[in-house]
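Heads up, there are several structures right after this.
Common to both upcoming complexes is chain A, partnered first by chain B, then by chain C.
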Partner chain A sequence: MDEYLVQVLSNIGMISFLALSAYILLITGEISFGQQAFFAIGAYASGIATAMWGWGFWPGLVWGAAAAGAAAFLLAWPTLRMRGLFFAIGTLAFAEMVRLIFEIFRYQVEIDGELVGPNGSEGFRGIRYIFEQDISAFHYMLLIYAVLAGVLALLFVIERTRLGAIWRMLGEDELLAETEGVNRTYYKVLATVVAGAVAGIGGALYAHMNTYLEPKIFNVMLGVHSLAYGLIGGLGTAFGPLIGVGIDIGLLESARIFSGYRMIVFGGLVALLLIFRPRGLLDEAAVHALVAWWRNTFSSPAKRSGGSGRPPERPGA
Partner chain B sequence: MSETLLKVSDVATAYGAIEALKGVSLSAADGEITCLLGPNGAGKTTLMMTIAGILKPRRGSITLRGEEVAGRAPRHIVERGIALVPENRLVFPDMTVEENLRAGAFSRDDAAEIGRDVEAMFTRFPRLRERSAQNAGTLSGGEQQMLAISRALMARPKLLLMDEPSLGLAPLIVEDIFRIIRELNAEGTTIFLVEQNAHMALRIANHFYLIEQGRVVFDGTPGEVEEEEIIKRAYLGTEV
Partner chain C sequence: MLEVERVSRSFGGVAALTDVSLEVGAGEVVGLIGPNGSGKSTLLNVITGISPAERGVVRFDGRDVTSLRPDRTAALGLTRTFQTPRVLHRMTVLENLSAALFAGSPKVRRLRKADRERLNGLLEECGLGRRVDELASKLTLPEQRRLELVRTLVSDPKLILLDEPAGGMTPAETEGMARLIAEVAARGRTCIVIEHKIDMISSLCERICVLDFGRVIADGTTREVLEDEAVLDAYLGRRDIA
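Up next, the complex of A and B:
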């Protein structure tokens, strides 16, 4: 496989975690401009674990996700009463704070006569676990997609259970969801933590592919993009944000058709979609229509629902 | 008069420094339709939200069949058997009609029974069955109100709180809604109704309360008091 293609596909895979992270909050009705902070925390935490503490890759990955989830838990409380714009600004401020902390964060140990560890704005060099284990870029790409498939599968399960329904209820109308007896605080905090951990996994994967972390890459634009992926691809299912990532990185960036104008094209595309498909390509209505089509085409005629027949059971309900 | 189901005693609820309810006391008898009338800003919706647990009262007591529920979380209150149909026929707009119904059964975990109840709602409201896979936001105003009522019923409430169910609906639909309210009541659900349409409300209510500026100022049985007088006060808040 072409080295460049592997690189692009790996990028798409890693950024997908950030897109899914933003998506989880979007379906609960919150717009976060700060998911890049959890990506950064996952990257640093897992990098520290493997490069400095001598942990293996998988414990490092889990640790990165846990650290990001814990940070999200801490962020969830002060932002719980914030709505809309205020939540967006609150998360943005938090992410900038995290980035600035990494700019001054120094924690280095000597390994084989060489200083390893985060060194403020100089960055964090030497996250060489993958390199040392002699894992090829191609195999690492497969690993990224295997983890992504796992997270996606988990999200699909969640979407079909009570938890998914609750998140969507909160996203549609918080007050109404509370009226039905939903414990708003609990489920909002849970969504924030899960979203943080998912971003953390992406960060951990990123750190080990790049071998080098620099605080400035975890800037606001990363957060803006992660939101745009969900808005372009649609909020009807977890596939939506992945379509968004594919369009942005896959088409616009890798093909370089628009070279320097890429951001203008990207911005225009977002604007057009917000006009014509305000909830993205795969929005709820599209997903409902697809599910209905799927049932009518593939279920047995006896179960097939007509206009007046018995309505189909919702899966998992 | 039959046994008291809901009893509200001296309830005060405030938004910051503004006290919307200044000590409200009233009750709803089991199996009856109780109606709350009053001009805009009197505190009717605030009282409904307080009973449903969305707003926390500053003081006072709310009991359901003697059990204190004031200040409890909404989910406890739903589980105790109080369901609210909120003002402005609120539905989850991007969820399907069926998902909306199932959302109403949030506090229950008996999947088979929930399925049966969804069926029952579709039988009662055939329009909802026709639109079961459609997004609730695409329904007409009347259909959304039917959906909002069915969703509240999915919790199998003993007491149904209805906040202005006829607001902004065409007269024929309003007739429908009131017919449904009477049917539900005849089937044993106690109804506590806030209504601007005093004529219609007084026709079906067993008992009514008038609320003005956060206080109950008057109550009675519709037949006993001159309807014109009640309506004048309900809309204008003038002295009887």
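Up next, the complex of A and C:
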């Protein structure tokens, strides 16, 4: 496969984690401008684990996700008492704080006569695990998509169970959810932690593909983009944000025709969608219509009714 | 079952409730009436923990729930509807009920066949059986109010608080809603019903409590209250009764 195409597809895959991270919060009704902080924490933590501590890739990935999830917990506890815009600003401040901490964070060890580890604004060089293991860019891309498929599968399972229903309930009407028995703080903290961990996985994958991390990569624009992906692609399903990433990175960033105009087109697209489809291309209504079409076309008559096909029972008193 | 004892609540110096007391026994259906702004919805908010009382005590099933959060009062078996119907517009009718089931029953992790059948049955009973898979945003106002009512039944509550369940409905729709509430009450559910439609209240409730300017001005049997001088002056008006 063409090297450029592999790189574009790998970037789409890695940024998809960030988009899914923002999506998880969006469906619970929270707007975060700070998911890039967890992406950074996952990247640094897993890079440190493999490059400095001699860990393998998979423990490093899990450690990156756990560190990002733990940081998300620390953010969630005080900020989820804030609502709406205040939460958004809180996450933005947190992300900038994390970026600035990485600007001054120095932790290096000598390996084979060379200093390895984060060196403040100079960045973090030498995350070479993938190259040392002789994993090709193509195979690493496949690995990215395998992990992405795993995370997507997990999100699909969540969406079909109690947790997903409660997250969406909170996202649509917090007061109603609370009066029906939902502990708002618990479920929002949980969403923030899961979202942080998902971003952390993306960061870990990013660190090992690029071998070099620089704090300025994790700036506010990365957070804004991650938020916009869900709003472009849609919030009706976890596929939505992936469509957003595909449009931005796959089309606008990679196609030469948009060279130099990417941000103008991207910004315009976001503005148009916010006006005409505020919850994105694949919003809940679109997903509902697709499900109904699928059911009518392919399912048995029993399932088409939305129930079991049996006559309803009398409810218990 | 429910004891509200000398409860007060104010907003920015305006007293919404002053020394309000109310007792509701198990199986009772109590009407709560009064002019707009008299504190009826505020009282429901106080009982459910949305807007906790500043003074006084609320007991539910013998337990002090005055400062409990709404999710805690819901877990004890207290559920409600709202003056402006609150349904989850981005979910289907069935999903609205399943979300309520998940919210109210921590042990239910995923919707099983038996749960689905029960929820479908509830929807059939309230006339929404054909709209199970519709998005709730497509429901008419009376349908949304029926969905709200049936949602309160999902978690098998002990006390149901209904805030203007027939608000904005035509006489025929109001009659239908009154029948539904009567069916719910006939199964032994305890209910407090806020409503301006006196015919509906008098057909449903044996007891009525009247609020005016945040104070209880009458509390008694429906007949007593509807003939009460203070109630006639403050709310019903004499011409309506004549």
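Here, the second predicted complex is superposed on the first by the 301 of 317 C-alpha atoms of A that agree within 3 Å, B and C clash if a C-alpha of one lies under 4 Å from a C-alpha of the other, contacts with A are read in each partner's own complex, and residues count from 1 in each chain.
What we mean here is this: contacts are C-beta pairs under 8 Å (C-beta built on N, C-alpha and C of every residue); 3 or more make two chains touch, one makes a residue touch a chain.
Worth saying up front: this structure is predicted, and the values here are computed from it rather than measured.
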Which superposed partner A:Met169 touches (first chain B, second chain C, both, neither): both
First (chain B), second (chain C), both or neither touched by A:Arg160: second
Which superposed partner A:Ala285 touches (first chain B, second chain C, both, neither): both
Common interface residues of chain A - those touching chain B in one complex and chain C in the other: 165-166, 168-169, 172-173, 175-183, 279, 283-285, 288, 292, 307-308, 310, 313-314, 317
Residues of chain A defined as touching chain C within the complex: 160-162, 165-166, 168-169, 172-173, 175-184, 279, 283-285, 288, 292, 305-308, 310, 312-317
Contacting residues of chain A [partner chain B, same complex]: 165-166, 168-169, 172-173, 175-183, 279, 283-285, 288, 292, 307-308, 310-311, 313-314, 317
Chain A contact footprint on chain C (complex, rising order): 48, 50, 69-71, 74-75, 79-80, 82, 86, 88-92, 94-95, 98-100, 102-104, 108-110, 113, 116-118, 120-125, 129, 132-133, 135, 137, 151, 153, 155-156, 187-189
Of chain B, residues touching chain A in the complex: 52, 54, 73-79, 84, 86, 90-96, 98-99, 102-104, 106-107, 111, 114-115, 118-119, 122, 129-130, 132-135, 151, 155
